[in-house]
Structures are given as C-alpha cells and as structure tokens.
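Notes for the one structure printed next.
Just so it is clear, A, B and C label the chains in written order, and each chain counts residues from 1 on its own.
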Amino acid sequence: MTLVSLTINRRRTPLRNATLVFVVIALVAAVFADFELIALKPWGELAKIFAGALTPKFLDAERLIEAAVTTLALALLGVMAAAMIGFALTFIYRHRAVRSVCAFLRNIHELFWALMLMQVFGLTAATGLLALVIPYSCIFAKIYSELLGETDPQPAAAIPGPVGGFTRFLFARLPDTMTQLGTYTAYRLECGIRSSTIMGFVGLPTLGFHLETAFSQGDYGGAWAILYLTYAVIATLRWWFRPRLLPIYIIAAMFILPLNSGIEMSHFIRFFTSDIVPAPLARGDGLEGFLPWITMMATEQIGPGLASTLILTQIALVLSGLVALIAVPLVSRQFGGPVSRIAGHLALVVTRSTPEYIIAFVLLLVWGPSMLPAVVALAIHNGAIVGHLTGRLADDLTLRPDAIGGFNRYTWEVLPRVYGQFLAFLFYRWEIIFRETAILGILGIHTLGFYADSAIAEFRLDRATLIIVVTGVCGMGIEAMSRRIRTRLKLTTSVEEAKES
Amino acid sequence: MAYFSLDDAQARYGGKTILRNLNLTIERGERVAILGRSGVGKTSLLNLLYRQHAEEIALVPQDFGLVRSLTVFHNIYMGQLSRHRLPYNFLNLIHPVAREVALAKRVTDRLGLTEKLFDRVGELSGGQRQRVAIGRAFYFNGPTIIADEPVSALDGARSREILKLITDQHKTVILAMHDIPLALDQVDRVVGIADGQIVLDAKTTGLNRSSLYDLGLVDD
Amino acid sequence: MRRLPIALLLCVIFWFPKTTLSQTLTFSAIPDQDESRLIERFTLVELYLEEKLGIDVSYVPVKSYAAAITAFRNDQVQLAWFGGLSGVQARLAVPDSEVLAQGIEDQAFKTYILANTETEVEPGPELDPRILGSTFTFGSKGSTSGRLMPEFFLRELFRHAPDELFDRVGFSGDHSRTIDLVEAGAFEFGAVNYEVWESELARGQIDTSKVQVIWETPAYPDYQWTARGDLRAQFGPDILNRLRQAFLELDDPKVLAAFPRSGFVPAHNDDYLPVLDIARSIGLIDPARESSRP
C-alpha cells in the first residue's frame, strides 16, 4: 500500500521536473557565459549612482518638460492607433496567416523597429510612431482576441431572429468586455510611455535622449531627475488618463508631433529595393555570391549572437524566478510586518517600472560589457514583475487560523498553492526576456542586437534585416514552446497574466 | 406537416446521448409544457425544437443570456435587433431613440420593471433579470415562445401572473417547467421526460396528476 | 483637469528637424564626445554661419554615428561634421555630396593608444606587444580615430583581427568614455582621438597617474565638413562655395577652441580615398555597395 502510493507520488511531479530541467539548462548555460567584472572600482561608481538618487537635479526644466511632452504625445498616439488597428485585426485574427504575421511582428522589439525605420524616415515622429504601432497593434490583436473570446457565449446565442455577426458582436460580446479592454489599453499606455522613453536612447527627442546623455556623462543627479519624472508620469496616469479627455489629448499630441515631416516615397522604395537586399544579390552575383554571404552571416554573426542570446535568456529566466521567489514573502500580506512590506513594495515598484534596458545601461556603465550586468538587469526587472503578481495571488489565499508561521508557512502553505501560477507567469516572461536580451546587444553585450547594431553602424542594412528577422522568428519559436509547456503542465493561461507582459 | 416534428431524434450533451427515440409533433397554436426532473434533458429537447424555427421564436434560456453591462432597455431592445439595420441598432446602443424607449416601456410596465429601465442588468436581482429576459421575448413579438423555466426565480403570485402574460402573448408556447401545478394551469398539453425518453404525452384535461409522480417526472 | 490639454497645446514646439518647411540649413555632427561639449561647440558654429551667410542655420544633435549619416542621407541634415570614415560612408550614400573643408589638424590626424598605468606598459616609438591578450576598448563602432584607424594599424602590426589579438574587445561609444574606462581600469587599453585627449588634458579632466598615452599612430586624414550637393537648389548655385569660404575664414578663437582646431583649410572628396581603401580592406565597407555607387 505504502509502496504504491509512493510510486504514484513520484510520477506526478511535473512542475518540479520542469523547474529542474530549466535550472539545469541555466547551470549548463552559465558554464559558457561570461560574467567578468570589467571595472576596477565598479562599486564606487554604483554608490555614486545611488547617491544621485537622493540628490536629483532638475536643472534644465524647460528641456525636460519638452522631452516629457514629446514622450507622452508619442506614447498616446502610438498606443491609441495600435489599439484601433489591433481591434480591427480581431475580426480576422482567427485566420492562421494573420496570427502568424502578428506573432512575427510583435516578436521584434520596438527598438529594432526604431533602428530600421530610422533608415526610411530618419529622426522623425513617423519613426517613433511606427516603431510603437507595429508591435503594439499585434499585441493588442492577440490580447483583445483572447479577451473577446473569453466572453460568455450565452448572450449572443439568446438574441432572437436572424441577426448579423457584427450586430451580435456589438450588443452581446463587446459590452461585457469593454471594461477589460479599457483596463488593458490603459496598461499598454503605461508600457508605451516606457517604450517611447527608451526610444530616446537611439536618438528620438524623448526623455530617454537626455537620460542617456546624463548617465553617459556621469551626471547621475540629472539622470535620476529624469527617472523620477518618468515614474511620476506613469504613477499619475490613473488621474489624468480619462476616456472622456482622450480626444483632446490625441489632438494635442498630433499638434506636438509633426507627422508630415521627412516622409518621402523614394526613401521607402530605396529601403525595400536596395538597402535590405543582400549585398551579393544586389551586386548581381546571384546564388554563387549569396551562399558564401549567408554562410558567413550564419557562422560569424547569427550563430554566435544567437548562442549568447539563448545562454543569457535561460540564465536570466531562472534568476528572475529566484528573485521573484525571494520577493514574494517581502510583499505578501501573509508574511512580515508593515515596514518590511512597504520597503518590499517600494523596491519592486522601482525595479518593475524601470525598463530593463535602462537598468542594463546603467549597470553596463559601471560593470563593463560582460553578461553580468545584463543578467542582473533582466533578473531584477522581470523578477520584480513575477514577484509582484505572485505576491498578489498569495494575498488572496485564505489560510486556516492555525496555519504555521514563518518560513514554513511560505514553503508549506503558500508556495504549493501558488507555484503553478508562478511558473505560468514566468513562462509568460520567457519570450519577453528573449526579446530584451537580443536588444541589450545594442549596449555592447554580444547578443543578436550587437551584430544588428554593428551592421547598422556599417550601413549594411541587409545584414541588420537578416539578423532582426532571425530574432523575430526565434522569438516566435520561444513563444510557441512556452505555450506548449504551459499547456502540458496544465498551467492556466488566462489573459490577466498576459497583462504584465 | 406539423409545426415542430421530431422523428426518432436524439440529443447529445457533453459527448453523451442523453435523449433518444424522440418522436414528437407540435402544431401551431398548441401550448405545451415539458416536465421532468432537473438534469433530465429538458433544455436539450428545447434546443432541438428551437433549431427548427430559430428565426421566429422568442427564446428565454434558463440562464437568461443577458448582457450584464448593458441596461434593461438595451437588453430588451436586443429582441428587435433582427428587424433593424445596423446604423439604427448602433444608434440605439450609443443613444437610445425615444420611440424605442417608449415601446420598451410598454413591456416593462407589464413586467414591473419600468423604474429599472436604465439600470445595468448586472446590478439587478435574479428575479428582475428573469423578467428582463422575458421582456426581450415580448419585444421580439414573434408568434412562438420557447421558455426554459421562465418563472423559476419569481415568487408565487407574480410567477402565475407572468406565466399568464407569456401564454397570452404568443400563439404557440413551449415551456420547460418543474413547478407542475403552475404549468398545468397555463398549458393544454404536457410532455414528460424520464430516463432519456418521452414517457408521457397527454392533454391536460383529464390528466391524472398523481400519475406524474409515478412516472418519475417530479423532483423528490 | 480640463486645463491640462490646453497647457499641452501651448507647449507646441517643433523639435523635429523642419526639413519640409525650411529655408533653414540644418546640420549635425557625429556624436564623438560628451553631448554637452558638442552642443556648446555647435551652437557657436550655428551663430557664426547664420551671421556669415544670412540664412537660418540649426544644429540637430544625434545619438550615434549611424544616425548622423542616416539623417544626412535622408536630407534631414544638409551639412555635417563627419569623421573620416563616416564622411566616406555618407558620401557613398549621397553621391553628389562634397567635402568643403577640414581642420588644419585633420590633414594629419592621429590616434593615441592609452594604457591604464597599472599595466606598467610604458610609452615608446613602437607599440609594446605586451598589450596582446589584454582587454582593449575602441570608441564608437563607426569612428575613424576610435575604431577604423587603430584597428587598421593593429592589424598591420600584429596580422590578426582585434577579436583574436585581445582577450576582450569593447566599443565605448565615444572618446570621452574611452578615456574614462581606461582611467577606471574597466579596460586596460584603449584607442582615442588625439584631439579629444589633448583638450580634456588641458581642461584638467584626466588623472595622468592612472592613464597615459603609450603610442601614437601614423597620420591620416580625418574630420571634415561635408554638404549635400542639392543644397544648391535651395540656397543658390554658389552655396557650397559660400559655406566653404565661411569655414576657411573662421578665425574666432572661441569657436576654434571649441573644436579644437587652429583653423580650417580646403579639402576634397579625393583626400579621403585612403580612408575608403582602409575601410574596404578591413571589411567595414562592402566592395559591392561602393562600386554600385561610384
């Protein structure tokens, strides 16, 4: 009897097995990773950065406000346009082709879009807008479709008489989903503000432009002033972002961003017919020239780039999980006192709302361009998000009054109940971590982004395009794998969780 | 040819056959109650019948099929969606037209819902929601109604009154009921289901009520 | 609440380059140094050119060498202060563009190889082979003095690509950062634009007990002003000559010190052919692209 139950128990530990597999992969990856600290006094510089947090300098207020307004205008227009396009796409989203194209487009990071679009539109509003609109539309199409798909089918079935599909949708499906669509859109606007900030790092005149300057020049007080401004804009979103005021905002944003500047058809045509055509083909060398070219790209750039991107992704994924597991007891009502909880929340809010790109940028400045700063940046940002979500779940648990306390409470009462959900959250971050890892290459770590950035610096857009396309396809692969693992582990995948992505 | 006719039909639910050997005809103008214990397959039988003339039947499903975030007016107006063009429907969704409001009010007056006309359905009680579902059927104003336990959430006096409204408003009436005395007052034919089959099909006049218990049509 | 949108409207200022409206000459420069220094310098140039030519001139800062070239290529800037390599790339992208002038120092520019003093590698007429196997940082990937030329001379001296010569190769982004990184010891060695080194040294920004110059490269042509040929359509057929003349006559010590250059001399596209050859020889420019646009 005992024997039987033991064997049964051993068989049924898919969550533990999955965890083990990923930890082992990360450990193997760590063997190949490069974690050197390339600075003699990295901690002194880091201390200066933290000191800057306490003494922010709002010196050039006028320029900051200009940049903040541009950041907001870009985010607002981009996200709203993307929401409309994404909504329209839901009507054809059931087609496999549409789903695949969307999956591909949204797996290319907005910074990659910005870098490529800059070749066509230059440093204009159009570059920033399209870089937001393209991936965001595809994200909206996916999430909106899922939200609409989750509505109760009964009301639509209960409409008497022959009623057209669109009317049915308008009356029976849309109203009950409106609130959720609105909440998700507002959440995306928050992401949009972060994305549009980041675009300053490649030269658009948003807050990131000045943030990059300030950090690069060691003006940490000035840099923190900009970060605080970003936090303030995002934190006050719920007070000023009202659907009623939206039309006014959009009109204002259109005035602020001159949409007609610098868009020329000839640049567009040149981009597609000449810039991104592989050099040997453009030269007319045909297959004979193309084969060595593609072999060179595969072995010298894509191969090594992809390898280090994957190594970094797997390590960062597991470390994110670790950070999250440490964070949960710090923020959950089930543990600790109010002081530790407030401190925990504060730490998570800051790391959660600072894009990993900025965290990595700062850590790279002080620790040098090895994988270490990248892994740390990815782990604390994503760990904070997963920890926050899991902590909320833990808060919702009702434990027996006689439940044990302390560490045992965490490992015996709380963790077993939330672990599946925790893994689901983490697997949702997987493809995002991959995308971010690729993009961090722009900062000098030798992931795919490094080779894409180098190709752009050398004006070889054909190479850059190829690398970016490979990145998108691999992102799709990881997304599919993550979905398959979640299904196999029977982890619920409701849309709510996708929100933080 | 009969209005509704099932010829050795079967009904499946969740991959299992729950009703078989169904032979049933219903003529226009008949008022029929389907009786049986809960879970026996009354709803499945109603669905089979509904599909035969879906375009002209006002349906009151057991779970009402209402849109919770729309108002009582909107949910009632949805009974008329098939009679209007998309722009007019859209206009009513955004800004209810006075004429439609007046018409809807006539329905809510009879159902005692007028003061709730612009409340969201999600904020109403179960009984009120049930009346909204019936209101939509009235607004549809078709010749036939199929109603699944249409008064289950209402109290005695009111349920009798509303059931009478339902039968008065429609030429052909098919009800799934489990309050047998209430049903028998309003219909002229009963069909009983037990053990996956039709076990009774009779006029109400001269029906021996105790036989309903013997046939296992009543919840214990 | 209601007043906010109005405030937003009032904030309407056009920050993006106003190419379509303009009788404005917009120019940019490769971001090879701290941005505040660049803004300081090019604001002076902006004022000087406006006064000299009597047209609106505006400077647009960019974040990368590639962005400067792209802006030039897409006609969002019509004039630019490029390095040797970025200038060659820009002129390949815009075939009728012309070199106007270069600094006196740019005729024979140099790169300094820096060493952190803890490496104990001393200055000498030859580059000490002890730097091999160490950590080494270039400047920007697209820089002439910070990347192209030092890479070329390293390959000449040691017959291998930098990746194979050093334990780790970095790209700091700009010259100021290269100095900082080597001074901090983040990299043991680095390659830096000699003018940036000299001017930061003069401003007392460098701790010479931590970082020193151990070698200088042979001379090569570097920075230059390049303008788009189609400027003529907008500002008249003699605009390129007027611009060239303006640079040659630039003698305001304040403006010159900001570069820092002692003056400007005429220069021509052909002066930079050696740079093009070098870029091609180390594979930074595809022969195909080049031959397709002579």
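One rule holds in what follows: a contact is a pair of C-beta atoms (placed from the backbone, for glycine too) under 8 Å apart; a residue touches a chain by one contact, two chains touch by 3 or more.
Keep in mind it's a predicted model, so treat the numbers as computed, not measured.
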Query = With chain A excluded from consideration and all other chains held fixed, what connected components does the contact network retain?
reply = B | C
Remark   = Most remote chain w.r.t. Chain C, using mean C-alpha positions, is B
Note = Cα centre of chain B to Cα centre of chain C, whole Å, reads 80
Ask   = At what distance in angstrom does the C-alpha mean of chain B lie from that of chain A?
value = 50
Ask   = Roughly how far is chain A from chain C, going centre to centre by Cα mean, in whole Å?
value = 34
Task = Would you give the residues of chain A that are in contact with at least 2 other chains, written as numbers and ranges?
result = none
Query = For chain A, which residues count as touching chain C in their complex?
reply = 36, 38-41, 45, 65-66, 69-70, 73, 118-125, 200-203, 205, 209, 212-213, 216-218, 240, 242, 245, 248-249, 251-253, 255-258, 260-262, 264, 267, 279-280, 282-283, 285, 368-369, 444, 453-454, 456-460
Note = As the complex stands, chain A meets chain B at residues 154-164, 166-168, 170-172, 175-176, 178-179
Note = The chain C residues in contact with chain A across the complex are 1, 4-5, 8-9, 11-20, 34-36, 60, 62-67, 69-71, 74-76, 89, 92-93, 118, 135, 140-142, 168, 170-171, 173-174, 176-177, 180-181, 184-187, 284-286, 288-289, 291-292
Remark   = Interface with chain A, chain B side, in the complex: residues 54-59, 61, 63-70, 74, 78-79, 81-83, 86, 89-90, 93, 133, 136-137, 140, 142
